[in-house]
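Remarks on the structure that follows.
Naming follows writing order (A, B, C and D), and every chain is counted from residue 1.
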Amino acid sequence: MSIEDPKFGEYGGQFVPEALMPAIEELADAYERYVLDNEDGFMDEFRSRLADFGGRPTPLQYADQLSARYDTDIYLKREDLLHGGAHKLNNALGQVLLAKYMGKERIIAETGAGQHGTATAMAAAHLNIPCEIYMGETDIARQRPNVFRMKINGSEVVPVTVGRGTLKEAISETMREWATTVENTHYVIGSVVGPHPFPKMVRDFQAVISEEAREQAIGKTGGLPTDVVACAGGGSNTMGAFAEFVDDESVDLHAVEAGGSSLEVDEKAGVAPNSATLSTGDEGVLHGARTKLLQDSDGQIMESHSVSAGLDYAGVGPELAHLVDEGRVNPVNVDDDLALEAFHRLSQDEGIIPALETAHAFGYVEKHHDDLGDTVVINVSGRGDKDLETVIEETEKRDLDIAPDMSILQRMGGGGL
Amino acid sequence: MGLESAFADEPAFVPYLAAGDPNYGDSLAYVEALAAGGADAIELGLPFSEPIAEGTTIQNAIVRSLEAGMTPERFFEFVADLDVDVPLVCMTYYNLIYQYGQAAGPRPFVARAAEVGIDGFVVPDLPAEEAGPLRAACDEFGLDLVFIVAPTTTAERLDRMREQVSGYVYVQARLGVTGARDDVGDATEESLARIADWDVPKAVGFGIKTGDHAERIVASGADGVIVGSALVDIVAEGYENDDPTDEVAGRLEALARELKAGALRGTQERPQPERT
Amino acid sequence: MSIEDPKFGEYGGQFVPEALMPAIEELADAYERYVLDNEDGFMDEFRSRLADFGGRPTPLQYADQLSARYDTDIYLKREDLLHGGAHKLNNALGQVLLAKYMGKERIIAETGAGQHGTATAMAAAHLNIPCEIYMGETDIARQRPNVFRMKINGSEVVPVTVGRGTLKEAISETMREWATTVENTHYVIGSVVGPHPFPKMVRDFQAVISEEAREQAIGKTGGLPTDVVACAGGGSNTMGAFAEFVDDESVDLHAVEAGGSSLEVDEKAGVAPNSATLSTGDEGVLHGARTKLLQDSDGQIMESHSVSAGLDYAGVGPELAHLVDEGRVNPVNVDDDLALEAFHRLSQDEGIIPALETAHAFGYVEKHHDDLGDTVVINVSGRGDKDLETVIEETEKRDLDIAPDMSILQRMGGGGL
Amino acid sequence: MGLESAFADEPAFVPYLAAGDPNYGDSLAYVEALAAGGADAIELGLPFSEPIAEGTTIQNAIVRSLEAGMTPERFFEFVADLDVDVPLVCMTYYNLIYQYGQAAGPRPFVARAAEVGIDGFVVPDLPAEEAGPLRAACDEFGLDLVFIVAPTTTAERLDRMREQVSGYVYVQARLGVTGARDDVGDATEESLARIADWDVPKAVGFGIKTGDHAERIVASGADGVIVGSALVDIVAEGYENDDPTDEVAGRLEALARELKAGALRGTQERPQPERT
């Protein structure tokens, strides 16, 4: 019987169809036994596989050029080096392994940009369990390399054709599929969202980021950092980077959301051209949890927007919403332009091509380094290989001084990447 | 008019349509056709943008309705405009109930629903654990709150629902989401047995398409049948073929009659309760 | 004054234009001082940057499914997790750092598939030194994502238009450029090829692979492995994986070259449809060193071929040629078909999408596991993200049972990846 | 005929062409035109597929020659077919020399070269450290081995070359690869001074294009000038425009005359050696 509180203050909970309640109760129970109590050595196996298969620990790297630029010690937590290229594997591997401990025979997952899908497909192949990934039709068309990666890892990719065919629809569809096959299937959700126990469980799997970073920072600097900065879509890399610092009151925590093209919303069209849920959203219920949402005044969920597909979500993890209300986490946002600029800066100055999601965290530091303390940890949530095509396109649309001259690619002919 | 009254004399036929599908005017006609066809109560869907409990058929209905301009406020107008004299159940997701009105929380929504003549609610993403505020508002305004029992629902959760349910209990015939299927009824008897001693009517839904289905379900002991996707299919087809409203309404009324007749036939085959 | 022997038996040497001799003598001197003698703490800084920037140590992972398949303990040395996605950074970072210690102000490098180019561009950005990458026109057109990665890391990419515009021409062109700018420029060569000190120096930078793997293997199994398997193009991941095991006579070392489409050669056209230099080549002089080569009977260098661009080179490191002649290294090869099949198998069974180069090592183990001992280390030299397009194309041409159904990509429309 | 004889009386003009560029027949005519224009010795390139020491001009010449079917064996025929009476130097890369004949090593190549009338070799990728076997074969057959001195060559390496050089020493006027440029001669005087006491003629090459260049180089103290790319440019242009062979040959002869005349003018300006 589950004893963990399914709430974070007023946020969280289990707002799901009755058919799913037994599954999430079973999961909550498994979470407590395996994850919290390390039953059957689950956490030991998880950590050992994360090390050998995933490549943990990831480094905490001193950033020479950025530190000089900002006259502040900047440290990079290198989740981009994790297998698959993003922090996503911490969670995917944890959940797929848990599914095996629970005796499930099949994995389903949703994906938007494809990062969570590829991580889940890798984990499922590694642990030898069949896997289906639900992905909106629109996203399939614009994230082809990731679709291919999932397929070659042996997963099925199931197109979701309802609505606009993006992440929001894929999550809904996966929940429906889960409701139908709940007895033998585990749904690997991709961020600290959804009904309890997902937000806590995903956070705990991702908390290895801050566990390592805290120890590494103390080892390298003799003390705690003054600030931790992470981008936030659903908020899993964010909570992972913050978790072990939450009780360190001296450490400021900054969650950087996508400011998109504007913070203004178009109520009529149901579109928020951003996904700055923590800064601009209101409390509501979506995908199984009460949290902050981008919604119109009726409570209909808005289409969100960001240049980075992985931040493009109308909800956010309930624990983050709670920590923001408590004043523990500083909710900020960075728009598409600034994120692109930061993408190029990090690539040129440090030799690290970040994911566009990650670039938002760097955009914030560029703009606000004067407000930060003298030891800043930035979570490099993922690498940018997946974003090359988008970056070419979006850079062409803008007149960024910092962008390299790409004409060689035109001169040498050929279409896309 | 309490929902329970719909089940008073004979097995109830409870159809579902998404309000405003495919548009306001046609939808009024369709709902009225169901009443004419013998509906004992009607579930009216208020469309939410993220209907996680619905199958493809109802998802598409919701998209049509939203695109035609349905909103909570329009929904209330719709209910007020309806010319039917059976109880009406509002089926929607919690976020729309929660956001309505100035203050957050379900009370303003319930107040307005009562005003226009809604008799109760089915909220598929609101578990008993979170239903306190809505239950309280329903009590205040004299409305019912229906809960859904799934084949997988644990005994513990059954107890929690039993404490709060009123109007009727919605017995989900199988796992999954809404949608017409052929394999109805297998898990139904078992589910009904588990809640046999509850003092609310038991209505079975999920996958019922024909009079024969309805007959079998009622024969298994249900007090009523809930039918959604099979009816929504008729609306969808009419919409795609651009059929005249009254033709579509006629088809809906005909299927309603078949379903109601099936349910009635089911009563005959029912194991007679032993008299005490 | 340099004291290191520039030869490996009869192989190696310094066959370069006179204008380059002072540069390679200066380099040989710097190699001895900084690399061999750790002057000014060079090696300490190198190793520390490799750890923090590069993500070392990389894991030695037990491969559950392959071990069961072959009834042999298979361990994977995960160089695919290194920053940039291949072992190439070990060398690139070492040489770029060395260039800085030597007071050079500019980096040049050649690249074929683009892996060495991207690694060098990353290292140059990280160490804040201008960098130009020479790349054949043909390769630029077919390796667009890597061209883009180099550019966004701030490097110039210089198209080489002579000849067929591939790696061989790019190396020659970079040597020419070096001969012109030798005083302020360091040429970062991409493998254990070229004139002394490159083969030794690149080996020493890559030797961290076997240094770690040896220790990890002992830690995990209590003893040395029976076999080490690595693919070989120029041979840098190979020598890196072998170096520390060469003196362990019980350990068998297998260098897997690209068998391409056939081992037969077309003398008339000057084409060898493979790059199995160690197995089929003859001694000769190319790009500054005496080594084994694919050449016609006149001594003209042949065009080589492999489905994996990174193995597609007509020469091979002189030390490998020597170790093969000595009987210490077992020269084998795997053809395009078997490599593709191995690519799919590793992806599906272990959740690791390997580079096509790397897939050759796995193809060898698939075919010859009966001849191997009971503890086999395979070097996963890189990840396969760069190869997705090639794999789609090449898989379509063949009828591989193991390949996943890719029709979803067609159904969902759109052109290339 | 030893190579040194070319420098005996007056400053030598030593042109370079890739043998077989753009084809066998035309190339014979072009080389003969250079002799007619006053060449004192001729460097004939035997094309290698990886010419790492050449600039674009000569690389392209090599590609043309290879595509027209040039091989080491054809090269020897070419030399045998040539009707010129000046010394001939074979310029090629070591792998072709090394692979020729049945046994690996330079001896078969040198033997055959001697047979057809080659007088010496320039091998840009063969440093003095590796030249032992080729030097020995040259000694056996009475051929010369030319080495290249670069502006950056160290004193230590100069000593090593001095021990082995014969025929002439090739003084590279600047860093880089072959190719005509305007900035000739700056490093030349210094280079010449460093090897002033060597007892072989000093020929300067890399970037000499005009009679004036040649004049300046000889005035700086060189015993001869080597000119390649400027001549190859004429061949390339003729090839691209499909000009008649004799026209192209005429242009080559004219430039040869200009260069030779320039070299002769240079002697006058030379600081006269003090008589002892």
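Rule of thumb we're sticking to: a contact is a pair of C-beta atoms (placed from the backbone, for glycine too) under 8 Å apart; a residue touches a chain by one contact, two chains touch by 3 or more.
Nothing here was measured: the structure is a model prediction, and the numbers come from that model.
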Pieces of the assembly after leaving out chain C, positions unchanged: A, B | D
Distance from chain D to chain B - Cα centre to Cα centre, in angstrom: 97
Euclidean distance of C-alpha centroids - chain A vs chain D, Å: 66
Centroid spacing, where centroids are CA-atom means, of chain A and chain C in whole angstrom: 33
Centroid spacing, where centroids are CA-atom means, of chain A and chain B in whole angstrom: 37
Residue list for chain A, restricted to those that touch at least two other chains: none
Contacts with two or more other chains, residues of chain B listed in rising order: none
Overall pattern in which the protein chains touch one another (line/ring/star/complete/other): line
Interchain contacts (touch definition) - all pairs: A-B, A-C, C-D
Touching residues (chain side chain A, partner chain B) in the complex: 13-19, 21-23, 25, 162-163, 168, 172, 175-176, 179-183, 270, 282-288, 293, 295, 297-301
Interfacial residue positions of chain D with respect to chain C in the complex: 48-56, 59-60, 63, 66, 71-73, 93-96, 98-100, 104, 124-127, 129-130, 147-154, 157, 172, 175-177
Residues on chain C engaged by chain A in the complex (per definition of touch): 51-53, 55, 58-62, 64-65, 78, 80-83, 85, 121-128, 137, 140-141, 144-145, 147-149, 151-154, 157, 159, 343-344, 347-353, 385, 388, 391-392, 404-406, 408-409, 411-417
